[in-house]
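After this come two complexes, each holding chain A, first together with chain B and then together with chain C.
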Partner chain A sequence: MSTPDAPVSLRRRLALRGLDGTTLLIAPALLFLLAVFVYPFLYGLWLSFAPKAGPWFSNYAAFFSDPFQYNTIWTTLALALPVTVISLLVAIPVAFRVRLMRRQRLLTTILVLPITLGTVLIAQGLLNYLGPQGWFSRTLMFLHLTGGPVRLTHNYWGVFASILITGFPFTFLLTLSYVTGIDPALEQAGATLGASAWQRFRHIFLPLLVPGLAISFLLSFVQSFAVFPSAVLVGAPAGPTRVISIAAYQAAFEKYDYSMASAIAMIMAAVQLVVVVLVLAGRNMFYRGSTSGGKG
Partner chain B sequence: MIRDTSIGARLWTTAVWVVVGFFVLNLLAMIATVIIDSFATRWLGTWLPVGLTTKWYSSAWSEFQLGQVLVVTFEIVFTVVLLAGLLGVTAAYAMARRDFPGKRVVMLLFLLPLLVPPITYGIPMATVLYQSGVGGTFWGVVLANLVPTVPFVVLVMIPFIEQIDPKVEAAARVFGAGTFRLFLYVLLPMLLPGILAALLLVLVRTIAMFELTFLAAGPTSQTLVVVLYYSVFAPGVRAVQSVDAMAVIYMVTTLVWLLLALRFVNPTQIVARARTQQAN
Partner chain C sequence: MPPPTSSLRTILSRDKVSFIVHSASSPFQQIRLDRVSRAFGSFNALREVSLDIGRGEFIALLGPSGCGKSTALNCIAGLLAITGGAISLDDRRIDELKPEDRGFGMVFQNYALFPHMKVRDNVGFGLKMRGVPRADADRRIDAALELVRLGNQGDKLPGQLSGGQQQRVAIARAIVIEPALVLMDEPLSNLDAKLRLEMRAEIRRIHNQLGATTIYVTHDQDEALSLADRVVVMRDGQIRQVGRPEELYDSPASLDVAEFMGFRNRIAGTVTAIDNGRATIAVGDARLVGRAGAGLGPGDAAMLVARPDDLALAAAGLGATVESVEYRGREFVGLARTGDDSELVFHSDTRLDTGATVTLAPDPARALVFRAAS
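Right after this comes the complex of A and B.
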């Protein structure tokens, strides 16, 4: 609200633009986010350019000249990209089947489980389940698919499975919400005109879905890129699955070099941003518009 | 609905269900191994454990001081729920009812903490929290957990508030209700299902939120999931079954609230509330 002494006309002018006592209800939440989310991020950006020693860019120079550090980017991409692509490729056909189901609730509830349980519990479960003596390995040996126990924990594949289990339901539920948002009348029109299932998907659904799929891809990529607990617990954090968040954590809480840690966090954000910009730029080459039928 | 009955279409449908079945089977088997192991006397190199016992629960309870950890966890979680509800619902009301310059920027600001992964903004945030002295304390953990939950409540509540006809509020005003009475007797009863759903989801998310709690917590402000992480992180110190018993206790604390939440919300809302609103 404007100050009580201000002329009434000012208050009315503000109210006409939508600024009155009710709008001020945003202020607490907004101030909170500015203080605890925006300010730390900007402070981190500034801190990353204020290294413990050397010129302003030396944190970044140190990161990009040490293979142990800059390889974490590739390690993380090598985990996050395949998982995201596989999740999306599997989620699309499954979402197309599930949209026809009457009772989706049981399946969606089962799929919400891993999102709710969180990465730590999944990692703990996978250590038992995928371990050399776990049920998975035993089943493969029982079916004579492998000669001996398979090693799936404390390496790349353990982390891969862990991100897939937590990431796939997320991708699937997002994709499902986009797929069900498309008017079935469009598909019926295509079928009436003699389009086969593949043609209906390729020429009707896919163009309408691309914007939504791009968003699903980005959200699940960004989440998998920030993998942390499972890379430590089911991975090999010293080597093959030393992802970028581990590098940032070690700088902050093992070497207490907050400046370097902020620099790595900024590099992590920058890589995510690059992928986001690339995907969004690619999306603009496709059709964008209404997903509902009818005239228009 | 179009029914395709050719052999190719049937094979395709079967393949899709096999993939879903494989995923769900592995997921449930993984959860089952944790539960079975927590009751096992000894389980090495066989399909099922040698014998069953409940002793790991009492040993986990005393080893990890779970009683105290649970008290801390619920103190933190309910503080977060209360504050996120207060900040989130008021902001959502203003966002739903008013159109003001810069609204798109504010909306983007509310979306960002949900889109950026916690570990990315968590490290600079923990730095600031530690420098201002709240890092490692109860309030540090609460502040850190409020960052994703306040925007979550805002985004879930906006469509709920938009559904309420402003004429109802105008009528209450005509009959002389002040802002407080309007909120208490008109808005709150109509918004209660939405608020309850949003807060239950905040509850589940906060119990399961590892990264932010991990970065902001000190020895006395660790929640259950962080204690679980540390015990898995240091293998060999304690029996696996004991860790699994704690994992089961963690699972139960989360799932009870999830099942309660699912009575009020559609599961897809947990990931896609804001998006489905735009898509429809």
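Right after this comes the complex of A and C.
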């Protein structure tokens, strides 16, 4: 038995700092993270600064001096940003409607189905449906709304539609969880205080949703920014939809320049990071506490 | 919606409230519920509820959970559509109006304060929606905060306040718009016992100062009896009795209401005689006397009900065995079981031993005898 004056055991001191047997439970996740994220990232970073020829920064210099390369940043942003904004703008009203429905689960299941389909199947479907001889184009021609075939594949719009379809369920589910997380009594209180439906959205829901929407935006954006398969399958990978991941792919597997490919991957990460930091900084300007109206 | 008139009545009061928002935005003499019903699928939450409420009255809707009292309140507020009947202010139907067009103030059970707005902005929300000019709004917010004694808390967020303070913000927010009618949905149920008593007094004080008509929903009979001018007892979606608190307390009209008013002891028997408003019932060999309810005749199966305070040791009465005794200061409260296995709670001036046999009789002037539910 220890006397009251005896020093506290090491085990107790560690436990007080939150280190005990349970801490070991994070070990598998930590190992996994080190093996598949931290190590490859650091290796890639090192690789990007070890070019085939020239000084250590020559990969980056090459990328930013060639419009064919650095324009991929704008091409990718021009796809990822509008798709993300549109899926959010569509997800919000749908989530507001679904929130009030009793058979939420059925509708949610239908909306989430595209996630399970995979990019290739969706690309296949889009080629059939939106292609120049697809139903969409033929319907428009049949209705004499257009003179000739409408081309919506193998260009910007094909990729746009593909990312929107695969990304929307994800954005929607996240948005729905944020929307349903807001105490319905807040809206009722707003109504009894004389706020119209739009005013309730503008002054009550929106400010409380902004932090959640920012997270939905980021997750959806990062997903869209990494677009690769659909840019190749339903896009025009040589020109209008030559996204940054295609540039990295070509460097790695067509020119076998892993160093350059790593540099492009790093640039890709940096662009995403800039957007993430900007959005999170904007999010900090809003209220981020509880979204319930009080106790109970 | 009528334009908000800011008729601020200057009053010098003990509470340092220099001027008080006075209920005049939409003056009415009477709000009438005419056979109001609300069904949820096949479940009837409200069944043909009719009630007239006069201007300035404090009405409590009292009943157990699920009795329809909150449904009634939400129907009046416009948060729930009614499925039958009509609600009118004087001669104007309001049941088709949206909640935002009714102009009633409502206080919610969980307060429903906007968590992202400062206390001042919460209180001023209704004024902002009405387009009240900034300076006028500021003055009215100050007055309302002063009225609920939160004058110096305006710049905090709701999350930084205690439960009692949050509830007062909710009240200030509801009354600052000068509603003709204030609706309160169990506003004290999330507070601890001591705070509940304090806030109860506050709510009554505010009602007296403003004179706005108030409908207050509660399941707590103490709250209803102490606050209201009239209490409406509800059960199963229907109104069972309406009356002043003392009427309900002394003379509940039915067995249900009596039970809800604290008549815990139920003794079944047969009426042997009715004399001068007093009914005598036979329970085995014992004869017990209480005030006769309506429609009672000799030979009827009856139920005598009595509060624990009104059941005591007596020379003649019902025999029972004491099961437990608690000391409550001043007196003892005993639990006894009769021969036919019904429990009786009674008061005693002396300590009794567990297992002792006692003879209990109700106070004939306070116990009630109803026809037994068949």
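Keep in mind that, in the parts below, the second predicted complex is superposed on the first by the 269 of 296 C-alpha atoms of A that agree within 3 Å, B and C clash if a C-alpha of one lies under 4 Å from a C-alpha of the other, contacts with A are read in each partner's own complex, and residues count from 1 in each chain.
In the analysis below, a contact is a pair of C-beta atoms (placed from the backbone, for glycine too) under 8 Å apart; a residue touches a chain by one contact, two chains touch by 3 or more.
Everything quoted here is computed from the prediction, not taken from an experiment.
Undergrad: Are chain B and chain C a fit on chain A, or do they clash, once the structures share the same frame?
TA: fit
Undergrad: Counting touched residues of chain A, say whether chain B or chain C comes out ahead.
TA: B
Undergrad: Once the structures are superposed on A, label A:Leu208 by its partner contacts, choosing first (chain B), second (chain C), both or neither.
TA: It touches chain C, and chain B stays clear.
Undergrad: Using the superposition on chain A described above, determine whether A:Ile115 touches chain B (first), chain C (second), both, or neither.
TA: A:Ile115 sits against chain B, while chain C stays out of touch.
Undergrad: Under the stated touch criterion, which partner chain does A:Ala191 make contact with: chain B (first), chain C (second), both, or neither?
TA: Both partners.
Undergrad: Check whether A:Phe64 is in contact with chain B, with chain C, with both or with neither, and answer first, second, both or neither.
TA: Neither partner.
Undergrad: For the superposed three-chain arrangement, provide the angle chain B-chain A-chain C between C-alpha centres, rounded in steps of 10 degrees.
TA: 90
Undergrad: Given the touch rule stated above, what does A:Trp74 touch, chain B (first), chain C (second), both, or neither?
TA: Neither partner.
Undergrad: For A:Trp56, select first, second, both or neither according to whether it touches chain B, chain C, the two together, or no partner.
TA: It touches nothing on chain B or chain C.
Undergrad: Quick one: smallest Cα-Cα gap between chain B and chain C in the superposed arrangement, Å?
TA: Superposed on chain A, the two chains' closest C-alpha atoms are separated by 5 Å.
Undergrad: Using the superposition described at the top, list the residues of chain A that contact chain B and also contact chain C.
TA: 188, 191, 291
Undergrad: Please output the residues of chain C touching chain A within their complex, sorted ascending.
TA: 1, 77-79, 98-106, 108-116, 125-126, 128-130, 157-159, 163, 166-167, 170, 173-174, 177, 183, 189-190
Undergrad: Note which residues of chain B are touching chain A in the complex, please.
TA: 1-2, 4, 9, 12-13, 16-17, 19-20, 23-24, 26-31, 33-34, 37, 44-45, 47, 86-88, 90-91, 93-95, 97-101, 103, 106, 109-110, 112-113, 115-121, 123-129, 143-144, 146-147, 150-151, 154, 179, 204, 208-211, 214, 225, 228-229, 232-233, 240, 243-244, 247, 250-251, 254-255, 258, 262, 266-268, 270-272, 275-276, 279-280
Undergrad: Can you list the chain A residues touching chain C in their complex?
TA: So the residues of chain A touching chain C come out as 183, 185-186, 188-196, 199, 203-204, 207-208, 286-287, 289-296.
Undergrad: Which chain A residues qualify as touching chain B in the complex?
TA: 17-26, 28-30, 32-34, 36-41, 43-45, 47, 90, 93-94, 97, 100, 105, 107-129, 133-136, 138, 165, 168, 170, 173-174, 176-178, 181, 184, 187-188, 191, 197, 212, 215, 219, 222-223, 225-226, 228-229, 232-233, 245, 248-249, 252, 258, 261-262, 264-265, 268-269, 272, 291
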